[in-house]
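Shared between the two complexes below is chain A, which pairs with chain B and chain C, respectively.
Presenting the complex of A and B:
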């Protein structure tokens, strides 16, 4: 009796254009599925819907600036998480680390804004946000290094502690009890060339290059890769694993703190419990989809922000619930996640031999 | 005080569904961070089914169908989410954290869309779910605490007890735990790792979905005003808090329910400090997590292969 046998075999490496083609195919397939879903749910023509998506992202210079700003923030958080991920330390606490960074910034702006000269204020803001981010990230790292406490769950919980901390301070700072803090643009980061977001974008661009160099060209980066691939190997060749874990999370937390500084000091000039807005989680996706490569992350974060902005525009243009954007984003993510399989493995189908050979 | 206890029980049992479901999933080595999304989708399916049924049946709606149909729809919705998760992580070998987070994005989108399209009020359907046992009123305080709840509350406890029994006393449970602890060994012993992971994730998600339904229909009395994803994250915390044991989760969920609503029952505390109270469940969870890892007792650890993929070829 002939049986069809299916083997799944690991590929060596995919040539870059093939990899690009598979990913592009996945995105197109996901857009087709989303189109079917949109038509079923709303009865609108999907082509119109997608063209409104593009205008939502690129339609005016204001929209493009806002797109770039959002890419910058998301990219910054993804850069922050990447060193930890390369070490297989699942830092799901970006949200919390960004929030405490922002909280530190806003506190400095509020209490020291009027008393310190502006340059000193800026330095204090940067130091405070970075320090806050580091504390939030190093706490789980310390326990992971010392007692192997599960870091995914620990960092997840720290997010909610941070959110409640912000909620507490908002009630505490704002005497009216409304919980809404008036923006303080006069104490924010400086505006260069009259473009409010330009400094943020440049900062993140510089950080991207720095993180790339840190991961690919330095001894620290090498140690991170070794610990990520195999802790036993790392120990065997004399790497102090707990030290690397804590040190990497210092970097991770500091960068998250900077993301908080950019969000609060350079963008909103105030804080709320939704300031991070789920970016701490989206950034995990950005980093993973880019295979932890900072340069690719520019593209993946751009893709995800484009989807969000575009989907937001769909809902205004067609008077659809904003939630449709989450549904579409979710479907597209499923496809992108799924397509990685075809890049890493190939499926061989062979006519099976006879059973009684 | 009585009202506080009753509310804690109603809220706690919502958590219990989620944590039982997530425990079953985690025992197979799957860390499903999509639970918030699963609960949203479960609740959406249940509420939508109830809406359809009540519109179709008008005045002829009977208690049995009005409860039964949404529960089946919820189980189905949750299981579909579980299937998506397993398909991506087991068959397509994707990363569990990333897949879970995508599932949450999708699920939150589905439920928000649902609220926007069909309205957020399901109080008509909610009446069926909050119908208490007939003799509750005659028993005073005891009746109020133990017998005044809707059907889902009792279902949560039954499911938790059955899960605890299956996990600890049956061969299926033993195999499942083996898959979560060491899939390679389980595979060598002839256990089908993929099948166990698929099944446990789908069943776990179906149960977790009921948590979403219970939160909307029972605890909120059908007024679905805000997204329920925060509840989902709390249930993941609860799994840790109860060290992966569904029977402990019955009490753990009561404590969580009480902590969660304590701030609105305590008088004489400032507005701001109430926010600190809401932090407590998470802080307590972190402490439990640290404590169990320091004590390092085998029976209180997370499943050893939690969050790790298993591919036979890469052993």
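Presenting the complex of A and C:
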């Protein structure tokens, strides 16, 4: 009997237009498969379902603003995680770092909102959120750098600590015990051009460019890449690895803190344990799908938010259980992630040596 | 080592099979199943014609997987059917968090042409008010909120139901079950302790568990109750853990005010009777489910749609009771509930309707060992949460009269709060 051997081999770089075509084909294929699934499960017309998705994301100026705002927040967290990931420091603590950033913001709004002049209040809010995010990210980084602890577990556990901290402070802030803190829009970030989300969007756009430059053009960015590729090489060429780890997580935490500032100071004006809403984890996918390139991340975060908004609209328009729209989102993401795999690797099937039965 | 493991596993499987067989054996006994509800259904009065261009939008915190939201969604289906509204006229948004997303959702519903926007979660309130200020021509109705009577907006309204009456009745069913177990010699009257899983130490929850406890106490005077809080309205794991902790602390019967299947599921697994909330959990917990109280939101939907169609004002606060059909009970599980539960509740329903029985009768409970003659409740929401309104008169606490949402927040004797961290 001939034994078949299957190898998975890394491909050479694929030419850009070929890569583009493969990705487009994957999206079309995913839409076709989802269409079949939708028809089989619900009996609805898939074309109507897709147009409902598009209307959910772009159907009105409100929806477009809301889409962009959500892209901005998700992108900001993805930007925050990327330097750490590039260094192969698995920062799974985005959720917690964003929450403590938000908690710091809301505390400043609550206790200093009435006593400080507005510009000073803004500065204190920014400083507090950034500092809180940094503390939450640097703690695991310090332990990793000093004693090589597992950063994945550490950052994950810090998420739960952050959630409980928010619950604790809500109990303390809200005397009635309802756990719902009344929003304080009067102490929030300023509204520019009468568009409540514009400042958030511009801030994140600027951050995207800055992170791109930081990673691609600076010595710090270079050091991050080297540490990520091989710590031994980094040490050999004289890079102080613990220092780079801690420094990078300062950047990571600071950006998460800013995401918290945007969510609390610029959007909700209050906080709850679900304010981060799982974005700290979704951002991991955004960053990976974009291969840690901040410019691509604009597209991947856009894709994820589009799917989310579209899925919500499907369940509203057709009164379908949310699970159906989750299935559609799942199929689409499955194809996209799958095609990235096949763009990087190829599968070789070779006939092995003949074996005697 | 592997061998021992294999033997152990095999033994475990045998044991599991035997356990299944045991259950099968029980099924030989004929099941009596669920009775009808001891509260007669109230017919929906529709004295108006809904125009074809009328639209109403609903905002829900979670989806049908949460019993709380399912209760609202079922009411939406009922009103849609009763008024023969098309799917275009009824827009439902689920999984809307208690943040800016609620404001966006409300605005979006206005953009879709809704004349009424309804939101179902306490934390939606401030974002609904924000939208209400922006769109004075649209009516914004909010369940469980507290600010409509002080906000002074013509188009923002709160609603609730006198669910404390429903919980009181459910508590009576619990008390009768305890009595039955005491008589059967399972434990003494002094050991009769119930457990209650609550979300937060907040008036809505306190009013709920106190009325439940007073219902049980009205028929089983020695009963006490432990309350365990979870710090979340919907957390299946925490609710299950809380119920298990209460069972481990010798609670003979469990009830809950939380939205997942955590607590009823834990009770079914341990064979502890359970009084549910928001709807029947009989299908998955038929060996322990006794009865459930719930708010039926259909009468309120009928009221607000009627007022808008007729061009009349919606009240700032609306609190439906048993007579309006807002407070309902499921049927009673005749295989678990004590004999005579149905008849006892039926009599009490009439007494409550006639005003003969008051749930928060001050002669039935004490606070710190003393009966209360006066109490200032925090009815008007302010930053400092100052008590502002006298709530006790004519020998009872006037719940849900100064505003629709509950404000009974007294810690009465006989109820022991295990954790107040939330």
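Here is the rule we go by: the second predicted complex is superposed on the first by the 336 of 357 C-alpha atoms of A that agree within 3 Å, B and C clash if a C-alpha of one lies under 4 Å from a C-alpha of the other, contacts with A are read in each partner's own complex, and residues count from 1 in each chain.
Everything below uses one rule, namely that a contact is a pair of C-beta atoms (placed from the backbone, for glycine too) under 8 Å apart; a residue touches a chain by one contact, two chains touch by 3 or more.
Here the structure is a predicted model, which means the values were calculated and not measured.
Asker: Between chain B and chain C, positioned on chain A by superposition, is the outcome a clash or a fit?
Answerer: clash
Asker: Counting only touches as set out at the top, which of chain B and chain C does A:167 meet: first, second, both, neither?
Answerer: Touch status of A:167: both partners.
Asker: So, does A:218 touch the first partner chain B, the second partner chain C, both, or neither?
Answerer: So A:218 meets neither chain B nor chain C here.
Asker: Of the two partner chains, chain B (first) and chain C (second), which one does A:322 touch, if any: first, second, both, or neither?
Answerer: Both partners.
Asker: If we overlay the two complexes on their shared chain A, which of chain B and chain C does A:274 touch? Say first, second, both or neither.
Answerer: Second partner only, chain C.
Asker: Is A:150 in contact with chain B, with chain C, with both, or with neither (first, second, both, neither)?
Answerer: In the superposition, A:150 contacts chain B only.
Asker: State whether A:60 touches chain B only (first), chain C only (second), both chains, or neither.
Answerer: Only chain C is touched by A:60; chain B is not.
Asker: Using the touch definition from the top, say if A:330 reaches chain B (first), chain C (second), both or neither.
Answerer: So A:330 only meets chain B here.
Asker: For A:233, using the defined touch cut-off, is the partner it touches chain B, chain C, both, or neither? Pick first, second, both or neither.
Answerer: neither
Asker: As a test of reading the superposition: which chain, chain B or chain C, is in touch with more residues of chain A?
Answerer: Of chain B and chain C, the partner in contact with more residues of chain A is B.
Asker: Considering only the touch criterion stated at the top, classify A:158 as touching first (chain B), second (chain C), both, or neither.
Answerer: first
Asker: Given 117-125, 135-143, 189-197 or 243-251, which part of chain B has C-alpha atoms clashing with chain C after the fit on chain A?
Answerer: Clashing stretch of chain B against chain C: 117-125.
Asker: Could you tell me which stretches of chain A are touched by chain B in one complex and by chain C in the other?
Answerer: Residues 167-168, 171, 177, 321-322, which sit in both footprints.
Asker: If we count contacts the way the header does, which residues on chain B are in touch with chain A in the complex?
Answerer: 31, 33, 37, 84, 87-88, 91-95, 97-99, 101-113, 115-117, 230, 233, 236-237, 240, 270-276, 278-279, 282-283, 285-286, 289-290, 293-294, 296, 302, 306-307, 313-314
Asker: Looking at the complex, which residues from chain A come into contact with chain B?
Answerer: Interface residues on chain A, with respect to chain B: 8-10, 41, 90, 92, 143, 147-150, 152-154, 156-161, 164-165, 167-169, 171-172, 177, 278, 281-282, 284-285, 288-289, 321-331, 333-334, 337-338, 340-341, 344-345.
Asker: List the residues on chain A that touch chain C in their complex, please.
Answerer: Touch list, chain A to chain C: 60, 62-63, 66, 167-168, 171, 175-180, 182-183, 185, 267-270, 272-275, 277, 312, 315-316, 319, 321-322.
Asker: Would you mind writing out the residues of chain C in touch with chain A in their complex?
Answerer: Those residues of chain C that touch chain A are 63-64, 87, 91-95, 97-100, 104, 107-108, 111, 122-123, 125-127, 130, 200-204, 231-232, 378, 381, 383-385, 409, 421-422.
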